[in-house]
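Pasting the structures here.
There are two complexes below, and they share chain A, which is joined by chain B in the first and by chain C in the second.
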Partner chain A sequence: MRFLALISQHRVAIILGLTLIISSLVVPGYLATSTLSLGLDRAATIGLIAIGLTVLLIAGQIDLSGGAVFALAGIVSVILQREIDVLPAAIVGILVGTLAGAINGLLVAGLKVNSLVLTLATMLIFRSLAHWITNSQPVTGTDIMLSLAFAQVFLEIFTVRSALFIVLIVLLHFWLTRTVPGRNVFAVGSNPVAAKDSGIASDRILFLGFVFAGTLAGLAGVLQSLVTNTGSPVFGSELTVAVIAAVVVGGTRLEGGKGSALGTLGGVLTIGSLTIAMEFQSIPAYVQQVVSGLILILLVVLDRAVTTKGRAPGTRPALVRDNPITQGGNV
Partner chain B sequence: MTAADCALDMRGISKTFPGVKALSNVNFSVKFGTVHAVVGENGAGKSTLMKVLNGSYAPTSGTIHVGGSEVRMRRPADAQALGIRMVHQEINLVPDLTVAENVYLGRMPARWSLLRKSEMIARAAAVLDELGAAINPRERLGNLSISQQQLVEIAKAYAAKPRIIVLDEPTSSLSEHETAALFRILRKMRDDGIAIVYISHRLKEVLEIADEVTVLRDGSMIETRPIHGITAAGMIRLMVGREVSNVFPKSPAEIGNSVLRVDGLSDGLRFRDISFDVKAGEILGLTGLVGAGRTEVARAIFGLSPLIEGSISVNGRKVSINSPSDAVKAGIAYVPEDRKGDGIVPGMSIRENISLPILRRLTRFGRIRRSADRSLAAGYVKQFSISPPDGERRINLLSGGNQQKAVIAKWLAANPRVLILDEPTRGVDVGAKAEIHHIIGQLVAGGMAVVMISSELPEILGVCDRVVVMRDGHASQPLVRRELSEERIMALATGEEIA
Partner chain C sequence: MTDTAMEISGVTRNDRFTRGSKLADMLSKAGLGFAILAVVLYGSFVSPAFFTAGNLLNVLTSMSIVGIVVVGMTFVLVAGGLADLSVPATIACGAILSLGLQPMIGPVPAFVLAVGLAGLIGLLNGVLVGYIGINPIIATLGVGTISLGIVQAAVGGVIVYGSNPASAEFAKGRLFGIPVVVLIFLAIALVGHFLLSRSFWGRWTLATGGNYSAAEASAVPVKAVKAGAFVITALASGISGGLLGLTLQSARPLIGAGYEFSAITAVVVGGVSIIGGFGSVPRAIAGLIFVQLLTNVMVLNGVRTPIQGFVLGALIVGAVGVDAALRKRGGA
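For the complex of A and B:
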């Protein structure tokens, strides 16, 4: 029992370790820094969005619109390059993400709408907007040299994007564990009624959570467009699933109240290394998705087995929880 | 009484909801340094009044003075800013945060919003210590027992150094021992000058702790009196508007053969070597301090947690029970303690809740026979006088007592031979309690064997034919009626001989 609990506690690290070991056995040269650097850069895109989603899931909410915001923000930043400089265009692109998050947040916190349904709707809207303004065609930027700058590897392994991701994860870890607003996010997700009765401004926390998540999705989208010098309305269409997978593998609970930045880091790296290993083996994209799906199911089943067996007989979760995801909004 | 002595003065408070007048012209005032009890049946308006007091509801009309000046509260935070703290009956804490974080929820010590964790833990430890609660402030709240969580609730309110503290049924999940400790705490708080509003159904406790008592009935204030010069019977008379001669009617049922027999039950952790039997027409009480293992025994008999030793027989035949469905097949039903968590499906109607365990029997060709379903529910609604008498009403909109009646009905529909009731009257008002006891009386008169777990000694003494007392996972020999007294039971429960 204690052994299972120990495994459960460090499961993210174990899963990541196993993924790396198996990948390095199957893929020649997998542990070379150039491969790892590429994998990390790839993972950073998932990771930036996952940072925002971690906060929202802990608060008991979800955001499905991340992938669409990712595409929209990138497109805006690329199109604007024809009118204004690259940097202001990029900033506007990120602000598009912020705005999208603010819309989600206003509707969820203000109108008490279920975030699952609401962000499903805004996902469709943002994605359609992206198709509309581009006429469903990819758009290209003005400065192709920028891509090279972003692909530049420093300290052997980091790109601008992956370094940014790591820095933000560390900040998120600090924020979630050591600051009052961070702890309040857990309170809001774990028992919204108690949080509210204790004078915590849950609506504000939820609103800002969505703004934060939108901004990060925008940031990830703008970076992607700068790296590829392209904006495309189909960018990020499979991203949402990968992001949710990464966060859940990282041990964040879908019902809220539980999760960590380091867990998300582990989940993101796992999904990233898996993807890159399969790409190196030229496994077709659709098979990759099947494998990712199977691994996710396996993890959820394992998790369930460990947590129910690890509990002492005769005990049960002490509190009745309303499930904020299925019941919509906050109470 | 000068304005300065008066912690709280509510004048002419009314609160109307669409179609219902929940409070009508209520006057209620509490002095600093006193314990003021509020009693009344469920639905009398106690909760509504307290929600007005803690800022959850705005009154439709009336004024509120706190510490002599008029206030207007729009949300709980406003009430908290005025020094009003509420301890809810339902535990209202965050299971995924630590004890210390819960104690300081909403006002954690911080500088530049950076959490001062060690300071917070030290302060929480000091508060818990002062309250005499042996709880580790770093523990995750969800890992604590319900009675420990209740103490954390009280610590949370106390740590805020309130001027007025409202406790709603604070002892409903505490054992007698813990209740005594709570009363020490309350007296200390009172002597510090805090105004304490104490809501309880347990009139004995009210008589013990309160300085004044206010009785509410049907949304109106009936009377406020000093506690000396009023008796429990007097309070009940004011609450129900009629004399209740015998709150705990003794069941005159004929006692038959042994129906359920358990021998040497152990789960290797919470209880050991438990043996007893229950006969048809008999009510066996199972009592002891909270945490003595009573609920665990019941859950094991019902197949909700595993046994490592012992046997269970029903009607003289050994049965093997590994899951609740085995137990139901063997004729055992279990009405759990945590009504909201385990007993009801909140979103469903009374009818749907009642027919839940026996839907298969009501089904023909895979389709639920609506008429059978309806008449089954209607029958129980009538038999148990569930109010409102409407099977289509969502069960979570009923009062606690009526929910409990519906949960009992649900299990009766499965035609059990043995009914195990875990704290069946916890948190229900006097009238509903009498009705539930009446229902139990009817069932045993019909030949049912009943095991009733209760922490309330008057209830155990009044209702049960025999009583088993548990302490630290061990069970006493059954006591028969003529051996029963509160002193005897408490002596067995605490292991302390009473001189």
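For the complex of A and C:
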């Protein structure tokens, strides 16, 4: 167990190192602090959503609605600026994310339906809401100067967003590794039936996992809207693949029960530095998509190849399997 | 051999209807019929334009394009493959290539090549899901992103226009007063229905989705069956995309966006189990008819597009919830 974890941590470091070395060889001035700071700031958006997804994936669930919640929360926080102050508006925006996560969690834990399909449906619903509220037009906030405050770089490299991301992911690391609730998440993810028999309230952990993921997607969306002073119903639609890729690069398994916060940090930094490198080389968006898709597929296949031992090949994915109703006792 | 597989899976899996008598089966089939009838009645009352030949023909035509995808998606769900999210990419592949290659190799070879390449995307999905055992949603999401990017790169990320009026005439034309697109859809639906309900492949598909290990133990080529479902969906989406491109005479990279949800909604609303092992093509098409008529009524009543998406999402949640509830009652 510790050995495997060690390998996966090294894997992240190797991939991140290679990305940085190749990027710095290809892109002139890549390793300047200003470039890295920009990359970190961009990665923070993916990173905040990835924090929530890490917890959910470890618990054996997934949330595909993150991108839509991201857009919705941002829109709400920007629209409310006309009525109330910026800070309360931002808080309401984040709470919208919490509420969206609670809806996901209630449906998954309550109805016992597959989280992939359910969050696919709620993604459609949240995205529609975003279009509905805004009439499919981008909305702008009231205070333009706020963007500048958020773009301020301190300690040479951090912005508000990236600092927040780093702090949160370190907190997540300690929560997952050092606390009982954190360990329980792993238990639920690796064997929900055994976890339940050991007295762990699986359903409550799943519910709270979704609430957590929704809140963080909301936080990311609100920050994005404050930084750009805009809320748009199409924000975040390309984030899903990037976020899942980041978490998977970090060694978190899609089958649940395995993963780490520091791994996700590495994965997010990898995706972030790759994005920045490609943008600096003016590579078209669709080629960037090909790259992030390729990374995702290659790493998932690699995961599969390395760790099929102990699991019969072709067994149903955990997202189906660990649903007590669908499982029917044949694991 | 396959009979044994069916029997084993019939006992082990929590089939919704083996425990729940013929009555439950009847009710579940009739329920959708009543729902369709209710929408038709409501539509005719609310909007005078609804129950006219012109409008219904429009619904039928737009339904056919999605319907071709629905036939394929039914196989994916029944085989226990959850869903194919690469449909927008395969539709775009079909549409962009069947138009873009026209000047070089002529309309018919262009169409065939486009569908073939879409099938290749499906094969990639199938290998990843069936043989390597990757989560279908993740695999198809990734493969879809990659293929859409490649198709866009191939044409430089621009809109492609048709250059062969004759092929456009054919796709928009009618045979015996019925639009060609509708006829093609009906043909594909018939083939799909017989493949799923009458052929050994269909029995294998049901067995694989119903109980993977039991099917495997009964010498059903489960991996090939699962992979095949994705190939079938990709071929269907390729054809659908090609027809869409020929009808519109233009194809943008995002031409297929949203079709995956429409198809999944139709299949799930039709009562095909999201977990696999249960479902048929006519059921899925009944779900499609219901969803399409509902959408049509909403459009005629001036309901805005976002709300339609909202209703679609709610329908999926509802249908999946009902599926889960029925399973629970069937005895978990």
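As a convention for this text, the second predicted complex is superposed on the first by the 291 of 331 C-alpha atoms of A that agree within 3 Å, B and C clash if a C-alpha of one lies under 4 Å from a C-alpha of the other, contacts with A are read in each partner's own complex, and residues count from 1 in each chain.
Definition applied: contacts are C-beta pairs under 8 Å (C-beta built on N, C-alpha and C of every residue); 3 or more make two chains touch, one makes a residue touch a chain.
Just so we're clear, the structure is a prediction, and the values are computed from it rather than from any experiment.
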Open item on the list: Contact-wise, after the overlay, does A:Leu294 reach chain B, chain C, both or neither (first, second, both, neither)?
Closed with: second
TODO: Check the residue A:Ser198 against both partner chains and state whether it touches chain B (first), chain C (second), both, or neither.
DONE: first
- [ ] Report for A:Arg82: first if it touches chain B alone, second if chain C alone, otherwise both or neither.
- [x] neither
Task: Dominant toucher of chain A (residue count), chain B or chain C - done: C
- [ ] Pick one for A:His10: touches chain B only (first), chain C only (second), both, or neither.
- [x] neither
- [ ] Once the structures are superposed on A, label A:Phe186 by its partner contacts, choosing first (chain B), second (chain C), both or neither.
- [x] first
- [ ] Touching chain B in one complex and chain C in the other: list those residues of chain A.
- [x] 312-314, 316-317, 319-320
TODO: Spell out the residues on chain C that touch chain A in their complex, using ranges where they run on.
DONE: 12-14, 80, 82-83, 128, 130-139, 141-146, 148-150, 152-153, 157, 211-213, 216, 222-223, 253, 261, 264, 268, 274-275, 304-310, 312-314, 316-317, 320-321, 323-325, 327-328, 332
- [ ] Write out the stretch or stretches of chain A touching chain B in their complex.
- [x] 178-184, 186-187, 189-191, 193-200, 257-258, 312-314, 316-321
Task: Touch list for chain B against partner chain A, complex - done: 76-77, 80, 86, 88, 91-97, 101, 105-108, 110, 113-115, 117, 141-146, 149, 267, 269-270, 295-296, 299-300, 304-306, 338, 340-342
Open item on the list: So in the complex, the part of chain A that touches chain C is made up of which residues?
Closed with: 62, 64, 107, 111-114, 116-118, 120-125, 127-132, 136, 240-241, 244, 254-255, 284, 286-290, 292-294, 296-297, 300-301, 304-305, 308, 312-317, 319-320, 324-326, 328, 330
